[in-house]
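In the two complexes below, subunit A is the common chain; its partner is subunit B in one and subunit C in the other.
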Partner chain A sequence: MRPPLLAPTRRIFELALGEMLWARRTVFMAAAAGAPVLLAIVTRLALENGSSVLIINGGRVDSEAMFGTAISALYLRFIVPALGLFYGTSLIADEVEDKTITYLFTRPIARGAIVLGKYLAYLLCVISVVLPSVALVFMVMVPFRDMGVLFRALVGDLGLITLGLAAYGAVFLWAGVSFKRPLVAGLVFIFGWEQIALTLPGSLRHLTIAYYLQAATVSVTSLIVMIIAAVFVAMRTIERREYVLEQ
Partner chain B sequence: MIVATDHLSKWYGHVSGLNDVTVALPDGITGLLGPNGAGKSTFMKVVTGQLRPSAGTVRVFGEPIWGNPSQYQRLGFCPEQDAFYEHMTGLEWVAALARLHGMEEASAVAAARRALEKVDLLDVADRKIGAYSRGMRQRVKLAQAIAHDPQLLILDEPLSGMDPIMRRRTIRLIKEWGGAGKSVVVSSHILHEIEAMTANIVLIHNGRIVAEGDVHQIRALIDEHPHRVSIRAGDPRALARRLFVDDDITSLRFEDGAVIVETPRPDAFYSRLTEIAASGEAGAIEEVTSPDDNLQAVFNYLVKP
Partner chain C sequence: MAKRTRVFLFAAAGVLMAALATGLVAWATGMSVLAALGSNVPVELAYVPGTARMVAYADVRQVMSSPFHDRFRQFQRSNPSQDSLEARTGISFDTDIDRVLVASMATDDAAARMDGTLLIARGRFDAVRIEGAMREQGAQVVQYRGTRFVSIHDDTHDAALAFVEPGLILFGARDGVREAIDAKAGAVDGISTNREFMALVGDVDEGTAWSVAKFDSVSGRMPFPPAIVNQLPPINWLAASGRLDSGLHGLVRAEARDEQSAQNLRDVVQGFLAFAKLQGSREPAYKGMLDSVALTADGKSVSLSFDLTPAVLDLLTSSGNAVRPQAAPRRPQVF
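Now for the complex of A and B:
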């Protein structure tokens, strides 16, 4: 008889949420989310007399462009993949490395519930830190008079960042469930493969997450399919895989 | 039989962890004995469904355990590793794990309190596990294994790191569980620990079951083999000469002033030794010790390569 999924998922979710607050990676997440806010404050202070235009190399950059650059260059290219990598890979791999996975595996719950509960806790955790960071950057960088015009863009960006966190987190969750040293492979994927594939002609760029997060080629459907598939495969993998804890 | 394996083998790549193990563990307390690296932990991990058999089968309560999580409702496991969520208090941790058995928050906390009380940790239940001593950490592991009141407890080296008083209390606790109709499989590499809990033992070495059954039956196994006796006498050389008269000894040597003999017929030998002592031919017999009288020696003998 297949054990229920929802109730154990909720309990793992609650347990994992508490764990994440104490995880070593929390400091990294706080720094990653806080850095753009600090950068925005510095940039804003650099603007003269509250002007919404910054002169960079003789060119005029307005507040909308500055905010757009922050989203694409800082959040989507760096913070979102990095958080997805460091958290996603650690969700199961840390429990295996710390040998605490035994306590979860010897409970009357489907192993898939462990994966799903931890993934949902990750998602809540990163969203609740990153999205306020994006909103703060918006408020700092965009002059009050322009906020109304750019608000729709902000909402769109928040949605995209949420999808990005979910997609990277899901793919790296699967990597953490499947491989012994997932962090190295993840770093190569983000800062090697994705960077190269996006510049190559042809369809190789479709084998990245970044491609579906770019403004010109954004695909919500592709991202959602990718998230569901990665989480599902991670749940199936953990059900079948045995973890030999080193003594 | 509460646990049964049939031609069970487990390999880690080319390394054999368990080798063709067929054993049936009855209800009650069973001690799993073996030196470090014998395969005790591998056996327990396979029996608790953490590892998949490479060959053969494992049945717990008559059902397979791998990929069958509903079995854990009736099973509690205390692992060997010293691993915890260090920032949680003992109560939070045991209650959180109890909740994974389907208990609501209040029931889980109550069950955790009961379990912590049984292992004498209630007074430090609200202290973080990271601040626990080694013995406390062992006991809180026991608490998480018993909180959901399982029918079968599997304990991997549960007495490791405990001080003598806690060791005695824990042994008593394990015996109480056995007496209450629960089953316990407990591993150790120290024979007298197991001996204090149960007479039903399984000896494991190099991934194989060397012997199993009642302690007395296992002891009988060695009667076919030389039995070693150390004798301190007033005149060791006279004693040696006297002992060589009969053919009930297979070897004799001097060691630290004592005469060490090996005999395949201990009963006959002891009878003759009593006669020698009474005759005074070898002076006063000051001390007679036999490592083989100790169960530790049985264990050593049976697992000797």
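Now for the complex of A and C:
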């Protein structure tokens, strides 16, 4: 008989969420999410005081363009992949490294529940930090008169960022479960492979996550399939893999 | 789940909800609460009734101090009409007014169109002197919605002035000024409830002067024969803005009825531009101006930007001097 999945997943989720939110690592997440807000405040103050105006190609950059740039260049290109990498790879890899995975494996619960519970905790943790950061950037950077026009874009961006966090987290969770040194490979994937593949002609760009998060080529279906597949494979991997803890 | 974790999650959700609620309010109400929340658009728009067909704004100080204005000073009218702002109140555009907003109300009667014009001016006004000057002309002073309202109204004259805020006056026909005060008080719909109009204002309010108008309200005053105007594709709104320095950097934007009309309009303007380039190619100054013209179409919008350099302005002023016709007698105007 297969052990139940739901109840242990919930227990692991609650346990992992508390640990994740109040860990020292959260300082990194807060800094990553807080930097765009600070940038938005500085930009808005500078524009309000008239001390500087951002002009590109002779045209004054409006709040719509500035907010769009913040979302694509700061969040989708940097913050979302970076958080997905650092948190996703550490979900299981840290337990292995700290040799505490044994305690979890000795409990009478399905190993898949450990992965699923930790993944859901990661998702809630990063969403609760990154989405309010986007919301603050929106409120600070966009004047009220433009908010109505940008409201739909905001909702779309929040959805896209959530999907991005889920997709990167799921893929790097699988990497953390499967490989011994997932962080380095993840860094190469995000800041090497994705950047190069997106500029190359042909179909190589389909082998990135960023491609499906770009406004012109966004694919919610592809991202959801990717998330489900990565989490499922990670759950299967942890159930079958034998972890040898180094002394 | 620990209490501090719950508190953190609720706080995060609160921030998110606040942004979404603000965005939703902005989206749902359009621009009606702009003035209340301190938007960049002129706050004087709060006095413009929703029936306005044309609104124009000018930073008078900037216009007056620009070299552009110096070139055209010679064309200014030297004897204003009886009901003009200067004749009725003694207020001088050159020295007393910092910025001005003019609104033209909906009316089918072309002759009465000027009577439906409202002027909202911000500057330095000597209320006692202005009121005295108007009283000498038979003006009566009443209170309207707590505002001092000075009006001259008989069979041939209709001019009223209200001191609505420190440094802010309304001037126009009596009913128009009353309607403006009503609009500010919320008793009648203001122009800021018109989302389409406010979106256009948001696009052009960076200039020294700008104007947004329903196309049918200005088509009769365009310097083209009616036969040509009638051939234009359907246009809903026309917006224009200009930034002044030694020259003029202008932008004219038309909002067509649909994308096909916008495309047709773009083709028509493109044709005119090609013709103008053919005609103006021999004169370097005109050629430079025509080269600066950029025509773009985006959805239902067609935009035309251009630069009038000092050399072109010199050419225009010299040709204006040569062909300027004698002023024809006209109906008394508000200003």
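Note that in this section the second predicted complex is superposed on the first by the 235 of 247 C-alpha atoms of A that agree within 3 Å, B and C clash if a C-alpha of one lies under 4 Å from a C-alpha of the other, contacts with A are read in each partner's own complex, and residues count from 1 in each chain.
Please note the rule applied: a residue touches a chain if its C-beta (ideal position, glycine included) is under 8 Å from a C-beta of that chain, and two chains touch if they have at least 3 such contacts.
Predicted model only: the values in this text are computed from it and were never measured.
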Combined model on subunit A where subunit B meets subunit C, clash or fit: fit
Which superposed partner A:Leu136 touches (first subunit B, second subunit C, both, neither): second
Subunit B versus subunit C as contact partner of A:Trp22, first or second or both or neither: both
Included angle at subunit A between vectors to subunit C and subunit B, based on C-alpha centres and rounded to the nearest 10 degrees: 160
Contacts of A:His206 with subunit B and subunit C, given as first, second, both or neither: neither
Subunit B versus subunit C as contact partner of A:Lys180, first or second or both or neither: neither
Smallest separation in angstrom, by C-alpha atoms, between subunit B and subunit C in the superposition: 11
Residues on subunit A lying within both footprints (that of subunit B and that of subunit C): 18, 22
Partner subunit A, residues of subunit C touching it in the complex: 1-2, 4-5, 8-9, 11-13, 15-16, 18-20, 22-24, 26-31, 33-34, 37-41, 195, 198-199, 202, 206
Footprint of subunit A on subunit B - complex, ascending: 12, 41, 48-52, 67, 69-73, 75-77, 79, 81, 83-85, 87-88, 96-97, 99-102, 144
Touching residues (chain side subunit A, partner subunit C) in the complex: 14, 17-18, 21-22, 60, 124, 128-129, 131-132, 134-136, 138-139, 143-152, 154-155, 158
Residues of subunit A defined as touching subunit B within the complex: 1, 3, 7-8, 11-12, 15, 18-19, 22, 98-100, 102-111, 239-240, 242-245, 247
